[in-house]
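Letters A, B, C, D, E and F mark the chains as written, and numbering starts fresh at 1 in each.
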Amino acid sequence: MSTLHTVNKSPFETRTLESCLAHCRPGDAVLMIEDGVYGALSGTALSDRVAAKAGAVKLYVLTPDIAARGLPEDRMIAGVTGVDYRGFVDLVAEHDRTQAWL
Amino acid sequence: MSEDVKKFLYVNRKAPYGTIYALEALEVVLIGAAFDQDVSLAFLDDGVFQLTSGQDTAAIGVKNFSPTFRALGDYEVTRLYVERESLEERGLSAEDLQEITYEDEDDDWAEKPSIRVVSREEMAAIMAEQDVILSF
Amino acid sequence: MKIGVVVSEGPYTHQAADSAYNFVRAALAAGHEVPRVFFYHDGVNVSTRLSVPPQDERNIQENWTALAAEHGTDLVVCIAAAQRRGLLDANEAKRQGKDADNIAEGFRISGLGQLIEMAIQTDRLVMFGD
Amino acid sequence: MKIGVVVSEGPYTHQAADSAYNFVRAALAAGHEVPRVFFYHDGVNVSTRLSVPPQDERNIQENWTALAAEHGTDLVVCIAAAQRRGLLDANEAKRQGKDADNIAEGFRISGLGQLIEMAIQTDRLVMFGD
Amino acid sequence: MSTLHTVNKSPFETRTLESCLAHCRPGDAVLMIEDGVYGALSGTALSDRVAAKAGAVKLYVLTPDIAARGLPEDRMIAGVTGVDYRGFVDLVAEHDRTQAWL
Amino acid sequence: MSEDVKKFLYVNRKAPYGTIYALEALEVVLIGAAFDQDVSLAFLDDGVFQLTSGQDTAAIGVKNFSPTFRALGDYEVTRLYVERESLEERGLSAEDLQEITYEDEDDDWAEKPSIRVVSREEMAAIMAEQDVILSF
C-alpha cells in the first residue's frame, strides 16, 4: 500500500514540497509537475534537502513541464526520474492512491 | 464495513478567508456526509487556522463560516485530526481552537470532542490508510 | 482502471486545466477509463463558451468539449461553485431570472454529490488545482 | 489625493476583490478621489452579472456596481484578459460572433492602456491580487 | 521618499513576507493584510525574524483581517501597529508609493 | 525629462506557465511602451525563471511566450534588472538566461545587453526610486 504524491508548486515560493516530503512514508512516490518541477533542480538552496529524501521515497518529475521551463534534464537531482504524461498515468495506476499537495 | 464504504480524507492546508478553499471544502464535506462513507478531516499547515475560535468577519464584509464546523457532528462527521507541529509552528495550541463535539451513539450519546490533535507522524499514517484523499 | 479527475482552477490563469487535459488524454490512450471529470472552485470557469483566447493559443474549453464528444467523458460543473462565479446553463438562467447563459456544449451543471459518487465509483482520484 | 486601484483576482475565490472594495470605500470616505478601478487577470471575473452567490453572502459585483453609481468611479475591465476568460459586453459579443454577453452595469471593457493612463494620472497606485 | 509595502500571503505558506522584508529600506512601512496578517503573530517559528525588522521598518497589520481570523490583538508581535481600512488609506497617502508583494 | 514622465517598474516574481501572471505582465509592458514613460523590468524570486533559454512548451500545449522578451528592445524597453541572489538560490547564473539585447540610439545603435544582473541591495534601491510599481 503506497501513495503517489503530486506537488505543483515551486519550492522557492511555497513550503508545499517541504510539507509533502515530511508526510511521505517509505515506499511512497512524489511526482513534481507544473511549477513543482523546480524542486528537482540540482545546485539550489533547497536541493540537498530534496536529494536526502531520494531513496526512501521515489522522486519523479514531469518532463514536459521541465522542457517548457527551459531546464536541462541533466541539471536534475541525481535519483530523480523523468516521466511523461503516460508515465504519470502509470504512476497513478501503480500506487494505491494519489494525494495532490495543492 | 461493507465493500461500498471507502475511507475519505479531506485535507485542509489553507487559511480561511484569504481564499475560498476552506469554505468550499466544507461544502463538499456537508454534501459528502449523505453518502455514508467513512469520513475524516485533516488540518495541517495553514489549515489549522480554519479552526481558531472567535472569528469575526463583520469588518471585512465576508461570511463567517466557522460556526459550520460545530455542526459537523450532526452530519456524523466526528473525526477532525489537527497536526500538533503545524499548531506549534504557528504559536497556537489546542486551547486556541473552537470546541467541536459530537454525540457518540455507541456510548449512550455521550458528548465527545471531535478535534484530535495528532503528531506529524500520526498524520502521515492516517493519510496512508485512506481510499480517497480530497485536497483543499 | 477507472480514474476520476478533479479540476480546481480557472483556465489560462493556472496550468491545472491544461495538465488535467493532457493527463486525461494520456490515460485514455493507455486504455484506462475516465468516466467523469469534475470542475470545482475556479475550475468551473473552464466551461464558459464565451471565451475568445488569442488565435495562437489553445482553446481550453474547446479541447474539453472535443474530448467529451470523442470519449463520452462526463464533464460535470459544480452548481454551487458555478452560481457564485456566474456560470449558468439555460435552465439555471431561467430559474435564477438571469437574461443569459454561458455553458459550453459537453459540460453539464450538477451537484457536489457527483464528485463524491465519482470518488466512490472510480479506482483512483487525481486532483489538479492550486 | 487621487488613488488608482487594480484588482487582479476573481471574486469569492480570493479576498482581493473584497479588500479592494473596502479600501476604496474608506478612501472615498476620507475625501480622496478614486477615479478608476482596473480589473485585470482573474479580476475581470468580478464584472459578470450572471453570478448568484448564496443569499447570506455579499454580492461582490453588486457592491462594485453600486459604488460606481454613487461615486462615478470608472470600473474598467481589461479586454484582453476578459476575452480569454469569457467576459463580454454586447458589442464584443457581436464582434466575436458569440450568442450572449455577461458584463454587469457600471463596468466597461477597454484596453490595457487604461491601466497605464490611470497610473500616470493618479498620485498613488494600489494593487490587490494574489 | 519612502514606500508602503503590502503583503497578503501567509508567511507559513509562501516566502513573500521574507522577500518583502529583504527588500525594505529604512523608513519604509510594511502593512500585512488578508492572509498576510499571520506574519504579525508572536510566538511562532517565524516571529523572531519579523520582530527583528521592527524599528528600521514600521510594521502594520490590518485589524479587520486579524479579527476575521480570530487572532487576539494581544498576540501580535510587539512593535506591530494595528490599523483599520481608514488607516490603510492614510498609510497609502503618507508614503510616496505602494508596492504590493503579490 | 518632462513632468509627465513617470518611472514605471514592472516587478516579476512568479515562474512562467504554472500561472498566467508572467504572460499577462508582458502584455502590459508591450501596451505600456506606447506611453513614453521611463520603463524598467525587475525579475526576482521565481520571476528569474521567466528568462531561461531553451523553453519548449510543445509537450504541454501552451504557447511559448519567451521569444517576446527578445522583442522588448524594439519597444524601447531596454532595462531588465535580474537579481543575483534569486539566481543563485535557484542554482542559475546569467549564462542560463536567454540573450536579450537592444540597439542604443545614443551610441550609434550599438547592440547592448538588456539584462543587468544586480544585487538584492541594488534591486531594493531601484524599487525605491520608482513612481509606479506594478506587481505580477
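Simple rule for what comes next: a residue touches a chain if its C-beta (ideal position, glycine included) is under 8 Å from a C-beta of that chain, and two chains touch if they have at least 3 such contacts.
Treat the numbers as computed from the prediction; the structure is a model and nothing was measured.
Asker: Show which chains lie in contact with chain D and also with chain F.
Answerer: Both-contact set = C, E.
Asker: Determine, using the mean of C-alpha atoms as each chain's centre, which chain is farthest from chain C.
Answerer: Result for max centroid distance from chain C is chain E.
Asker: State the chain with the largest centre-to-centre distance from chain B, centres being mean CA positions.
Answerer: So the chain farthest away from chain B turns out to be F.
Asker: For which pair of chains is the number of C-beta contacts greatest?
Answerer: Max contact pairs: C-D.
Asker: State, to the nearest whole Å, the distance from the C-alpha centre of chain B to the C-alpha centre of chain E.
Answerer: Spacing between the chain centres: roughly 29 Å.
Asker: Chain A to chain C: how many Å between their CA centres?
Answerer: 26
Asker: Just how far, in Å, is the C-alpha centre of chain F from the one of chain B?
Answerer: Computed value for the inter-centroid distance: 43 Å.
Asker: List, in ascending order, every residue of chain D touching at least 2 other chains.
Answerer: Within chain D, the residues that touch at least two other chains are 12-13, 15, 19, 22, 41, 54, 57, 80, 125, 127, 129-130.
Asker: Which positions in chain A touch two or more other chains at once?
Answerer: 8, 12-13, 15, 34-35, 64, 84, 97-98, 100, 102, in rising order.
Asker: Where in chain B do residues touch at least two different other chains?
Answerer: Expected reply: 17-20, 45, 60, 62, 132-133, 135.
Asker: State which pairs of chains touch, listing all of them.
Answerer: Going through each pair of chains, those in contact are A-B, A-C, A-E, A-F, B-C, B-D, B-E, C-D, C-F, D-E, D-F, E-F.
Asker: With touch defined as at the start, can you tell me which chain B residues reach chain E in the complex?
Answerer: On the chain B side, the touching residues are 14-19, 45-46, 49, 52-60, 62, 64, 66, 88-91.
Asker: Please name which positions on chain F make contact with chain D in the complex.
Answerer: 4, 6, 8, 20-21, 24, 27-28, 31-32, 34-35, 37, 132-135
Asker: Can you list the residues on chain B that touch chain A in the complex?
Answerer: For chain B paired with chain A, touching residues are 11, 13, 44-45, 120, 123-125, 127-133, 135-136.
Asker: Name, in rising order, each residue of chain C that touches chain A in their complex.
Answerer: Residue list for chain C touching chain A: 1, 3, 8, 15-16, 19, 22-23, 25-27, 29-30, 32, 124-130.
Asker: Looking at the complex, which residues from chain A come into contact with chain E?
Answerer: Those residues of chain A that touch chain E are 12-16.
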